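The two complexes that follow have chain A in common; it is paired with chain B in the first and with chain C in the second.
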Partner chain A sequence: MSSGDRPDGAPSPPDGSGADRARAAGPGPAWERPLGTAPDVWAVFVQGRHRDMHVYAGDVHAPDAEMALVLAKESYTRRDPCVNLWVVRADHIHATTQSASEMFAPATDKSYRFGGSYRQQRRILQSSYKASYREEDQ
Partner chain B sequence: MPGTLAAIADPAVREAFREWLLRMADDELVIGHRHSEWTGVGPDIESDVAMSSIAQEELGHARALYEQIAEDEGGDADRLAFGRAAGEYRHAALLEQENEGWEYSIVRLVLYETFEVARLRLVAASGQEPVAGLAQLLTREERYHALFGETWLRRLAGGAPDGPERIQAAVDKAWPDALGLFEATPADALLQHAGVLRTSPGAECDAWVEAVRPVLEGCGLRIPTVTAREGGRRGVHTPAFEELLAQMTEVWRSDPEARW
Partner chain C sequence: MSTTPSAVVDDPEMLAQFTERIRAGDQLEAGEWMPAEYRFEALRLINMHANSEIMGALPEREWIPRAPSLARKMALTAKVQDEVGHGMLLYRVAETLGRTRDDMVAELVAGKARFHNVFHYPAETWADVAIIQVFVDGAAMQTQGALRSCSYAPYSRVLKRICYEEDFHIQLGLDVWRSLAEGTPRQRAMLQDALRRWWTPIMHFFGMPDRVSPHTEKMLAWRIKVKSNEELRQQFLRKFVPIILEYGLEVPDPDLRWVEEEQRYVYTEPDWEELKRVGRNGGPKSAERLALRQRFYQQHAWVREAMSRWLTTQARGAVA
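And then the complex of A and B:
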């Protein structure tokens, strides 16, 4: 495999460690790690309605899961509806690193994958058409 | 539709039940004010927010109960809450004591909430509408208050090195005042006789001790053997309440006719 075949276009490692290693994790800086937060930080996930997904809302500081849930209730469910809470030690969450963010950016046009695109575009077109129509009326 | 009190035909029973509702409202108002004193100075930001939220809810319960009384008297809830002399308040001394440390506030919260949930059930079962329905509704919020209190209590009581002694000292201090929640007055006897309340303060107190016992003993704490400090239900209060009342009513007194 030549360096030109690499999906990210990066040159092969100079130490010649081979294609297998490059494919597994890629060369260069680490692309993932735990969040590295203090052990008393808990990430809170709120479910607004039954069958909604739990959505990350923020953190609380607590010595254990029970206290984290008790405190999360008042910190994150006072204003918006909630039917269920999750807490998880924030340091148990692994994240991609900032330097790996490039791998999320498409290199070629992928708009054919966006299922909602046609409806969305029609809505945008219609609303801007109506807005300009109203402006002309005035 | 008449309010709760107007629906009671017997004037003596009506007056006794008014006394009882006023007592409930005063308990909630005074504990709500004390809880609110933690706003901005709680042990951590999350518990500060939670305690402040509990304070708001207790004040909300107080307002709903004052409105029940005011509705039938053509008065307004604010005047009932803020416009009386100290001797006209009917809350128990437990609720007016100053917040001497987070551990005392947590112990008081646990002792009071256990009492409050049982009392709301009593009112819900009284058949006196619409306050019976209101009591049913308010019970929903008291569950979290108890959960917050007990979660904190277990951790404080297990905290090294001096957690157990400090929490036990708070229990010892709060206990005589907590027994004062059950001070019997002629209104209690009259309401029991009329069938409005299906219990007596003595029976309520026994049930309360059995309800808090597993919570306290589960944390390695002892139930004190002391007698009740009474007076609150008859309007006899400690100097701590004079101060609290002056501070709590300061804004309202500046213009009692103002619409907020």
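And then the complex of A and C:
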């Protein structure tokens, strides 16, 4: 398991209570909800090196945070480097629903937010300048 | 299982959308709508995989106290720990499809669930450890490697990590294999004997060649199955027969040969009845290994009880 692409829970037991608690902002389908996992499930976040981000690695079952940290150490730091662990009750995680993924789709062209698009513009400008350059005009 | 695929009729429009989406190469996250039959089959597959990981830790575990050196003991312990860890990851994935881990483990321990055929056989000598690490894990790697592109994203993510760790198991196994194959005549004979005993279970590993059936086609279309049983067996033979020959050992099937025109190995058909019998927990070590799991399951019942009571106490504290 890698990176923070956490699934948004599951509709049936034991991860099943999430759907009931899903909430919509006004009418229409719910756009966010808790993961709805069982109360003993903890999500584990691993920091590989100092100053790196903590990355979601997977889950453990544990009755409390201390036990969750012990199990997370055994389960997710056996081999690859780790300097710090986070555990959080998975049921405390809220997620946008899968069906709400459209809200992240850009409404307009967002190329103006990327440095690359300005580099591209400069290249076009320079090439059009070259194309219009004629010896006899000089 | 409360939901059998026949008990629920899926909305035909949702079903068509789902099939189209998977066909286009998309993967599913936990909690998304899926056909009842998809849930049933994916859960069955992942649950059996989880069972196989924790039962698969047992044959090699028997050799931890008898490993021939400290280095081998440490590496073998790490490998066995990985297998149990894989079981934990997989039970968690299975949970997102609707069963609790407690329920699945209780069913396994009661002898009512299935686990992979190879883990029903004895590990008689240290050479068996080499065979398990190279050939059994090698076979598992073919199946699991293919399933990394399956349609259930939580399973596919876990498989990536599992395959990464399985690579260590196979490399470790090759090292044990090499030292025995290049060892004394007795060591070589021990390795050849272990290979002979394991050949049939390994040929069984991938299952009977799939029948051409609407069911198989659906599993392939939904990418709960990615390659056919025979494809995986051929892929395995292409990679692992050369390892046997390289060290001058004999392939236990005298009729096994490579057919250039067909680009495949032909082999003696193994006894499929044996696979069925073993799969129903009727193998030479099934009862003994299940009894061991049962014994520890009962011995540790107080730990599970203490944890669940502590959880309840914590929860009550949080409310108060």
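One rule holds in what follows: the second predicted complex is superposed on the first by the 87 of 138 C-alpha atoms of A that agree within 3 Å, B and C clash if a C-alpha of one lies under 4 Å from a C-alpha of the other, contacts with A are read in each partner's own complex, and residues count from 1 in each chain.
One rule holds in what follows: contacts are C-beta pairs under 8 Å (C-beta built on N, C-alpha and C of every residue); 3 or more make two chains touch, one makes a residue touch a chain.
Since we're looking at a predicted model, the values are computed, not measured.
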| item | value |
| --- | --- |
| Chain B versus chain C as contact partner of A:Arg79, first or second or both or neither | second |
| Residue contacts on chain A - larger count, chain B or chain C | C |
| Which of chain B and chain C A:His61 touches, first, second, both or neither | both |
| First, second, both or neither for A:Gln98, with chain B first and chain C second | second |
| Chain B versus chain C as contact partner of A:Pro39, first or second or both or neither | second |
| Partner chain(s) touched by A:Thr108 [first = chain B, second = chain C, both, neither] | neither |
| Chain B and chain C footprints on chain A, overlapping residues | 60-63, 67, 74-75, 78 |
| Residues of chain B defined as touching chain A within the complex | 44-47, 49-50, 53-54, 144, 147-148, 151-152, 155 |
| Chain B contact footprint on chain A (complex, rising order) | 60-63, 66-67, 70-75, 78 |
| Contacting residues of chain C [partner chain A, same complex] | 3, 29-33, 78, 81-82, 85, 88-89, 92, 95-101, 153-154, 157-158, 160-161, 165, 307-308, 310-311, 314-315 |
| Residues of chain A defined as touching chain C within the complex | 1-2, 5, 7-16, 18-19, 35-36, 38-41, 58-64, 67, 74-75, 78-79, 98 |
